[in-house]
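In order of appearance the chains are A, B, C, D and E, and numbering begins at 1 in each one.
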Amino acid sequence: MSPPAPHSPAHDEEGAPRGAWARAWPHLLLLPFTALTLVPALWVVKMALRPAQSFDLSLSPLPEAWSLSNFEAVVGAPLFWRQAFNSVWVSALTTLVGVLFSATAAYALSRYRFPARRAALGALLVTQMFPGTLMMIPLYYLVDALGLLNEVAGLVLVYSATAVPFCVWNLKGYFDTLPREIEESALMDGAGPVALFWRVVLPLSRPALAVTALFSFMTAWNEYILAATFMSDERAYTFPVRLQQYVGEFSAEWGYFAAGALLVSAPVMALFFALQRQLVGGLTAGGVKG
Amino acid sequence: NALGCAPGEAGAPGGAGAGGGGRPPIRLWHAYRGEERAALERAARRFEERTGQAVSTLALPYSAFPNKLQAAAARGNGPDVFIFAHDRLGDWAAAGLVEPLGFWVSADERAALLTPTVEALEHEGNLYGLPLSCKTLALFYHRGLVPAPPSTTDALWAAARGARAAAAAAGATPPWGLAAPELSSLYFHAPWLHAHGGDALDLEGRAGAAVASARYLRARVEEGLVPAEVNGALASELFRGGRLAFLVSGPWLRGDLAGFSDWGVAPLPTLSETGRPLAPYLGVEAVMMSSRARDPAGALALMRALAGEEEARARLAAGQLAARRAPYEEPGALADPWLRAFRAQLERAAPMSGAPAMRAAWTPLQRALSSSVVYGESPEVAFEEARRALAASLRESSLGDSAEGGR
Amino acid sequence: MTSVSLNGVSKRYPNGHEAVRAVDLDVAPGELIALLGPSGCGKSTTLRMVAGLEEITAGELRIGGERVNERAPKDRGVGMVFQSYALYPHMTAFDNIAFALTLQRLPAAEIEARVRDVARRLEISDLLPRRPKQMSGGQRQRVAIARALARRPRVLLFDEPLSNLDAQLRAQMRVELSRLHAELGATSLYVTHDQVEAMTLASRVVLMRAGVVQQVGAPLDLHDHPRNRFVARFIGSPAMNLWRGRLEAGAGAGEAGAGEAGVGEGAAVVLGAEAGAALALPLPPAARAALAARPALPEALEVGVRPHEVRLGAPAEGAWRAVVEVVEALGGESLLHCVALSAGGAPAGVRVVARVEGRPPAARGEVVGLSFPSSALRWFWADEEGESLT
Amino acid sequence: MSPPAPHSPAHDEEGAPRGAWARAWPHLLLLPFTALTLVPALWVVKMALRPAQSFDLSLSPLPEAWSLSNFEAVVGAPLFWRQAFNSVWVSALTTLVGVLFSATAAYALSRYRFPARRAALGALLVTQMFPGTLMMIPLYYLVDALGLLNEVAGLVLVYSATAVPFCVWNLKGYFDTLPREIEESALMDGAGPVALFWRVVLPLSRPALAVTALFSFMTAWNEYILAATFMSDERAYTFPVRLQQYVGEFSAEWGYFAAGALLVSAPVMALFFALQRQLVGGLTAGGVKG
Amino acid sequence: MTSVSLNGVSKRYPNGHEAVRAVDLDVAPGELIALLGPSGCGKSTTLRMVAGLEEITAGELRIGGERVNERAPKDRGVGMVFQSYALYPHMTAFDNIAFALTLQRLPAAEIEARVRDVARRLEISDLLPRRPKQMSGGQRQRVAIARALARRPRVLLFDEPLSNLDAQLRAQMRVELSRLHAELGATSLYVTHDQVEAMTLASRVVLMRAGVVQQVGAPLDLHDHPRNRFVARFIGSPAMNLWRGRLEAGAGAGEAGAGEAGVGEGAAVVLGAEAGAALALPLPPAARAALAARPALPEALEVGVRPHEVRLGAPAEGAWRAVVEVVEALGGESLLHCVALSAGGAPAGVRVVARVEGRPPAARGEVVGLSFPSSALRWFWADEEGESLT
């Protein structure tokens, strides 16, 4: 047996678990979920690589025939680049707006005690509770009333509003754990609320911000119902709307759909790898005694 | 009529295996709700009583229906019989999910059905279901603004302009002339396209007609008679509020009009420029048989019962457009102006094709209509783009379909 | 050069705990004043109120003559070294120190110069590129001090700034802080647990207990003239020996006149229940005068003597005889924990700690003689407050 | 003006913000999002209380006529209680399974360094990236293959698998901030990994666990597509499936739908208020020096 | 009663830093041994390796004779008081203390009894229902100690357990810990910055520097016979005065014979560049003998004297004359920081700290005479290691 590796201290990124059992149990726990995660994902890959549009029912993870034709067709479709760009643009803006607003709101909710605080926290949850189908129409009117139909801004606004509640809850939980003395230090150093927030709180919250950003991004990135509702110009469509048309009411081109889905997921993957480094914890280590 | 045998007597393998306990129930899936659902269940009970064959019904949310059907049928968990709109028929037929009925359904049996509804259920020469009811578009008019329905478009626009002028004179907000729930959707544009002599599946040969119809509507948009962007709920709200003279919509509008009586309905008028009627698409709700039905004969019997005369009469009585001829011919059947209007409209409706080409046309045309009618860009360019996109996607899907091979 | 003054400043926490009670304190411009007191007595709370991190419940705080109760921390011109360092974990030591300067938008060159200067003084130049988690506790503490100094605030608050350093480094830093204080001239409040620090750095010491100021004065003043028992015991290490004893009026008592409580020349305090005269300590004239000023004679008094004032000798020499219980040899000095013996030779329940230079003159179990110069004895009332008689 | 309230220390629940501006800015930030949240929500309430099924577009927040008929109709519908119970049961189990698995997985990912750690974190994100429509069919196959169609277990499994990735990311971020010394203390006190996790880590993570539980619960609570697909018996439907049936192809019974949506949201509200107390932060305060 | 022994135990952190280097240490059953050393020298790391919280990179750790390198912390029978308390924030003090006992599934009554007993000893009975955040630093520290003791482990590790207490409480806790140690008899390793603690509690002291053990011995042993300069300076407060000086061989040098380095009777070390004979310190015979044993004479030596050994007198009296620069009056004792004067009367750059009993005998700026009993002088080689000559 290899020697035991003790519980590693905060800045020890390379420690190893203690003993065989400790090494094994995380795997055992992750196994069923990884399967439930990966099997469908492999299916998607296979369907994307199969030069056919029908649904594939075999359990084999390898396609019988190989081809990139699905990808070519999806990429070659008119407006593909335009819609892909829309998606990226909308998602990026949503991430920005969502993170910005949820970070500020969460910070206010975490640090300040103001009259409607609890009410605000509750109100934020209300949105999450109604079925999307129901909210869609009032949202349509709101966006219309704001003159933002067919505008990227309208979509971004609605997506952020969708993502913000959860992000706020999440970030607030994180902010609550930041040591206040560090902020007090900054106050003593002459920082106003803005400098405090931008230069001290946000940098320390990178792991939570990264999760929040991912969540916001994915909210916007995969959504098609609202996008299809608010956008009545195909040039304004986001890519998921287009993608959904492959399995839309009048068709089911699974091959294209799968290829498109893989294309859609690529940027998220990229984002994940970009953010991965931010997601390591222990950022506050060393700030205060102990 | 080779299989005209009594339902249930076909000795399906399922029946033999079931031993003493009778045959397994026929599984019937549908997306009905409310009164329609209750009617369907009553019909199923009647069928059970008559034949002793149990029927289990399952109501599904409309939006979850196609995916569930696809997933379940592929795994053999699907229904024996299901009721749904006909527009996906082409795909389902191609995927082998639905059973062709041509062999069983005689010409007489077809003749009892409204012809356009049967046509809608045909795919590549085969019949894939029995029609229950149909939906199409008609012209709703606000009695407070328009005294009588117009029979030509010229009369329609004149009435609309008159209503606007009257309102302006009275110092009120001038109402819109005419609206459809979604102007850029092919479904709502089809009447104009068809009246101009166009066809969604023939953009090459009849491009002129498409361009003309787009230009025609664009002109009304620019005149302020037609709102460019409304959706169903807003349109009916405008209509109820007296801010819209004409609304092109379907039978489903009835719910939205509850508690409001100042409306009338009539068939769509004739396009004055060409003399052709505005011909909307016809949507058919049909009962279909899964290709994996355990007891095809029993299933067929149930389908016949549901599509039968008795049910059709009940449907008609409930204000639905039944798909059989006979009930309409009974005396007093058309006393309801609603039914009268839609029955007349049915005759002028164009059955929507269930072919893959149709589904492929949907997206490019929507794009073309949106840019030309809503945004006023060049219709020539828009439809040329649509044509090219359609041709490309047809090429691709034929490639894909051929690779699908046996299934 | 800025003065700081607290007038009746109190702090009641939301949970009702009154951590600081009506503190009056004037810190002269450029003065360094030390706050001493047992754990939880409100030292940090006082500092935090001056800093503006804690709302002042009652009273008035003036900095440079202006009332600043309502002012935000950044507008008070106050720098603070936190008890828990509170460094910015995501910044290098350089950036930690430079943070306040960048907020002031100083030119980069000046920032660089200032940071390097203060780092050199605190011997942390090598650490400038490191992050807090790459430093040891003592190094972090020095960075925290540097950060507060770099800003050159008008007022400096130190909350136990040297607590995590070892003795050598602490002595060295003490000298460096003293020098820096002389140079910068910032008015300073300095919280510490270490009396040596308080006594060597500060011109005056404030001794607190449960939120109340007990005595303010020069370090030696507190040592030599403690106002009450608490001060007497808290200042000085090892702590003063304090005994409660029965007051015996002695010859001439009550002679001075009716209604006046008086004690005669032979008046003494007798320690230990059964000890008899063996453990009597005679009252000096000053104490007798204090007693005379009171309407009634108390039954008991407390008397104290500092361990270094206890004189050790042969058993026959001292005023008391005692047996050595524990011996602590610290190298340069030794502590002897003794128990006094009554006339009969039995332990009288009176413990005496004696400090002597060099090696212990007696071993555990030995009997020694103890004596106390009467000038070294401190007399206190035996009531709650325990004020000094003299 | 009222006196200023300084930045409050960790255990000060009642401090107030400093000055008027500090008091105002959280409100300003929350305003647009609260509006975007509340306006549609009020709309829903109004539609539920209006005895009509059409969609109401007027901007007034008060219905012209009042009635509880929509609620009566929804509650009186056959199988309402049964389906409501299903929903509660499925959501509760999903919450339990989701929180349990994500907490254990997140802890393993936070504290142990094992070979496939980064890969596992990445794999967990992959599921989040594909459109639901696409994943549905493979998921149907998996669930069918496991023999769990029409079973609560199947739904719970899929819902948890959907919720787990985000929950894992979220909890891992939180676990990373827990001071390790407290866990080391427990190790010294003789705690094995299980006692450590259950008796020390989980109690300290209540705020994050509460958010995770809410998220898992809502994942299951509002979902209808998978539920409708996996369940082929109306008695096994969850309430959202039922609710969705009020929406047809071209029209919907908005009154019933809104009433049902309100009924759906009530338990979430209840859950929120139950968990609210858990969501206060600063649980780790006082554990280590500083 | 369990022994603990470390054989060549080393720790290299993943970042390559070698925090502990080949430590050999045998702790006898029931012994309390103190670990001393400057911040960052590896004390906590050593404790953590014994506890099992840190992997041992090389070497062997035995507890009760058994090799336990691979054993999990909970199977080592070791209790630990953490430098940062590390209390369970979500539990009351009672539950914190009882946690280990509940894990052992002891009966509730016994748990209750044990917790109450240890709480009484540490004077935290009142705090049992409180949570950590409702306690002051000192109270938390005592709860942390109680928690470690309640388990009655075979081996106890203390990481600066009294660092956050004020002087009075610390003295009191020191006595209590001493008593508890005598009662429980657990073999203990005790890390502290406070020499008094180390010297009074421990039977032996381990002095570390940069991961390497410098000297192990009884407290007074280290004080009186430091093995090298580092030990000499680290032990004792204020620190020993240490000066480097030129070695002057004196009369009789080299006479003893060729090849042998020797110094004569008049050999001395001369301090200060220009000072001349005024600041010479003659070598004692033992130092001369040590020099004679070396093949070559070094150019310089270091010589030290503890502040309390420095004798202060009138300017004419002492061996050296010096001017007083800083006076620190601590009440019972005083420190005088002086600068020695060369024969010419100019400051010679040699600083001397003298500690005297009672009040400062001289004021700032005064000139005094200093002398050093030759037995008080400690001689060291002037090389890297700086080992003692004698």
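Criterion: a residue touches a chain if its C-beta (ideal position, glycine included) is under 8 Å from a C-beta of that chain, and two chains touch if they have at least 3 such contacts.
On a predicted model such as this, the values are computed, not experimentally measured, just so you know.
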Point to revise | Path length in the contact graph (subunit B to subunit E, fewest steps) | key: 2
Study note, to complete from the structure: Chains sharing the largest count of C-beta contacts are A-D
**Study point:** Euclidean distance of C-alpha centroids - subunit A vs subunit C, Å
**Key:** 56
Check your understanding: Centre to centre, by mean C-alpha position, how many angstrom separate subunit A and subunit B?
Key -> 39
Point to revise | Multi-partner residues of subunit C (at least 2 other chains) | key: 52-53, 72-73, 83-86, 137, 164
Study note, to complete from the structure: Within subunit D, the set of residues that touch 2 or more other chains is 7, 9-10, 13-15, 55, 57, 133, 137, 141, 179, 181, 184, 187, 224, 244, 247, 282, 284, 288-290
Point to revise | Shared interface positions of subunit B, touching two or more other chains | key: 63, 67, 70, 74-75, 233-234
**Study point:** subunit C-touching residues of subunit A, taken from the complex the two chains share
**Key:** 10-11, 179, 181-182, 184-192, 195, 199-200, 203-204, 282-290
Check your understanding: Which residues of subunit D touch subunit A in the complex?
Key -> 7-10, 13-17, 22-23, 25-27, 29-30, 33-34, 36-41, 43-44, 55, 57, 101, 104-105, 108-114, 116, 118, 120-135, 137-139, 141-142, 145, 157-158, 160-161, 164-166, 169-170, 172-177, 179-181, 183-184, 187, 193, 207-208, 211, 214-215, 218, 221-222, 224, 240, 243-244, 247, 257-258, 261, 264-265, 268-269, 272-273, 276, 279-282, 284, 288-290
Study note, to complete from the structure: In their shared complex, subunit D is touched by residues of subunit E numbered 51-53, 72-74, 78-80, 82-90, 99-100, 103-104, 131-135, 137, 140, 147-148, 151, 164
Check your understanding: Once bound in the complex, which stretches of subunit B touch subunit A?
Key -> 63, 66-67, 70, 74-75, 87-88, 91, 95, 184, 229, 231, 233-234, 356, 358-360, 362-363, 366-367, 370-371, 374-375, 385, 388-389, 392-393, 396-397, 399-401, 403-404, 407
**Study point:** subunit D-touching residues of subunit B, taken from the complex the two chains share
**Key:** 27, 31, 33-34, 58-64, 67-68, 70-72, 74-75, 77, 85, 135, 232-234, 236-237, 240, 250, 252-253, 255-259
